[in-house]
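Presented sequentially are two complexes of chain A, the first with chain B as partner and the second with chain C.
Then we have the complex of A and B:
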């Protein structure tokens, strides 16, 4: 349940965006947040998440900030990724969400 | 001094007795420097010290406890946690004060969360806060709990829990707290009984010396009378013997020694109660209390919000029957803007179905949400506090109307079977006269209305006995009415989980019992011992 559309134009890097529904039982909770931020930190791209397509955006590499989002089960997580390995980064975080962080 | 009975929420099962340890926050003194750079460095060192300490602890443990501590490490490694503190330090505030300010904002954010799981994380941040403060002051502020004692506190941190030895008994009684907290998870894992949400723990004069904690019923008795204590100790002896045998059979379906199959269902107060539970442990859900939906401060829940919650529960049940009770407000469950304030006797007032029929605009929303959810599983709907057949008939007409309206709008829906809760003696005596699709005996209210004794009034609590022949006779009569009409009869009160009553309850002909998830294993073991 996600729509990824990549586009590249000229000098300014256009972010990749996609969304996925949180399916694990407790939402973006302590353990899922740690997993997500650990995954995000493995990429050099800037990775942000939000509960709405137009933000406000949160640094997906910060567990403190991700926990502040308090995303419940059933919420749609929007991702915005910019940087050299953005494609791989987006695929990785989406896979994690779809997989229910391995605990669904 | 009279014994003090407090009722809360069960967070970890089991019974415990022990001396009371009151936990109060320890405040460590620290001399701050005048140099912001030095203060910032001190905070940095304290955070690193706390992080290293937890990382060291993780090496010795695994599983759930390690996950909890890894979360704390991840938070401490994140500069975003301390950034506000460094900002305040640069303005000349001492490191400990700055850290406390910053973390208290974070804690307040979690306490204000809508979702109980996020609210429960407040205790983790308190833990992180106090660990770093301990490192800043060089003093150990984690409260020490003597093994075997009953910890009474407002709330308790995972560190305080982990620092104690729970192998020799002990339990936790909290004024606040949550069954979803990490401490509750830890307590369940270690087998320490825990009750939360007891309300303010205030004493006239002396704090209590001794406490009895019932982690199954969610009650605590401080300074019990000798007789209360003796009865409790008897229960403990029986429960301890049963526990070992019980755990083995949790996934097995329940059968008496005489070969009778008994369905064991779950009582839940919120979908969170199902987290981490395997549906295979039960034959369905016998009671979903819906009051939690109406307790939030943001007004009455709309149809979509209710539908989403009901559907989530039905999805969990994977086709097993799920009985959802319509709003049972009033009595001891007031809801702002809905129930009547200051009724002279709320237990005999406008509560349960009476309130729903008096407020059809609220009731209709719930019935619509239930009809929409009914397409996702084996949903049954149960009406609380029914006294006369016309109440069921009126509710049934409202349900039909909402079902018809939804269908006319082309919205996916089904009309769930409508049954009644039998908890008013008038309904038990005349059960056959109700055109209900099923009967579910609410033994708590049936007992208190039959015996005219409340269980939270210590002086008459011994009269509040579901095992009394008068109450059992009403249960038998209801079972008989169900048999004649060919409809199911279940029992979903606390009596179902009281294994001293299992033989007597099954002797009435009951074949369906509904209990809180933590009581399932014990009940199945008790059923296996019943001869009939």
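Then we have the complex of A and C:
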């Protein structure tokens, strides 16, 4: 009980991971990249994304790097999140991807 | 010209063509939103292609933020006139205005994205310049 509590405080030692399929038509192009990085910047957690579960990982807070991933529609986006607010951060970026970044 | 009240770093777009400057500003507003002070200027004083120091100074004034202003420029004269405009600013403001070494359209969108997250001037400049990294 006490041990479990201790590991919850501060930095999450093991990164949280999850994946979601890009549903919006244009994939992770300019506008969605901007929305994703704006969302990611709202959290102190380190947020990274990749097209495969084993990387290579890209800083989700860098709009230039996120655009360079060039993830197309139908691609699976993997997220790896580390930090105190990692749970909320992961939920927020996943929701954005599921919603197609508010686009069709 | 348009602006927005906030403590975020301001963005100024300087192009030889007022249409490019205005179009880039439209992209920033649509893609990034209105949380960033923004202004654009383009054309010489006779309305032709070019840039002018007075117009750039006015744009910096419009987009002014206590966090500073990042200026995105296109070719040659846009850069030298922007640097001249910065030199003409009051001393306390001069250190808070930077001209970015980045493509004008992409750099403006990226700089504004960085600014909208509350990043300081140095981070805004660095992010815009990642395009040439």
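Quick notes on this one:
One rule holds for everything that comes next: the second predicted complex is superposed on the first by the 92 of 104 C-alpha atoms of A that agree within 3 Å, B and C clash if a C-alpha of one lies under 4 Å from a C-alpha of the other, contacts with A are read in each partner's own complex, and residues count from 1 in each chain.
Note that a contact is a pair of C-beta atoms (placed from the backbone, for glycine too) under 8 Å apart; a residue touches a chain by one contact, two chains touch by 3 or more.
Bear in mind that the values here come from a model prediction, so they are computed numbers and not experimental data.
Following the overlay on chain A, a clash is recorded for the pair chain B and chain C. In the superposition on chain A, A:27 makes contact with chain B only, not with chain C. Look at A:70: by the touch rule set out above, it reaches chain B but stays clear of chain C.
In the superposition on chain A, A:41 makes contact with chain C only, not with chain B.
For chain A, the partner that touches more of its residues is B, with chain B and chain C as the two candidates. Only one of the stretches 59-67, 185-193, 311-319 or 455-463 belonging to chain B has C-alpha atoms clashing with chain C in the superposition, and it is 59-67.
Shared contact residues of chain A, touching chain B in one structure and chain C in the other: 30-31, 34, 37-38, 62-65.
For chain A in complex with chain B, the residues that touch the partner chain are 25-27, 29-31, 33-34, 37-38, 59, 62-65, 67-68, 70, 72-74. On the chain A side of its complex with chain C, the touching residues are 30-31, 34, 37-38, 41-42, 61-65.
Across the complex, chain A is touched by residues 67-68, 70-71, 74-75, 78, 80-81, 106, 109, 113-115, 117-118, 121, 124, 182, 275-276, 308, 312 of chain B. In the complex of the two chains, the chain C residues touching chain A come out as 30-32, 109-110, 113-114, 116-119, 127, 130-131.
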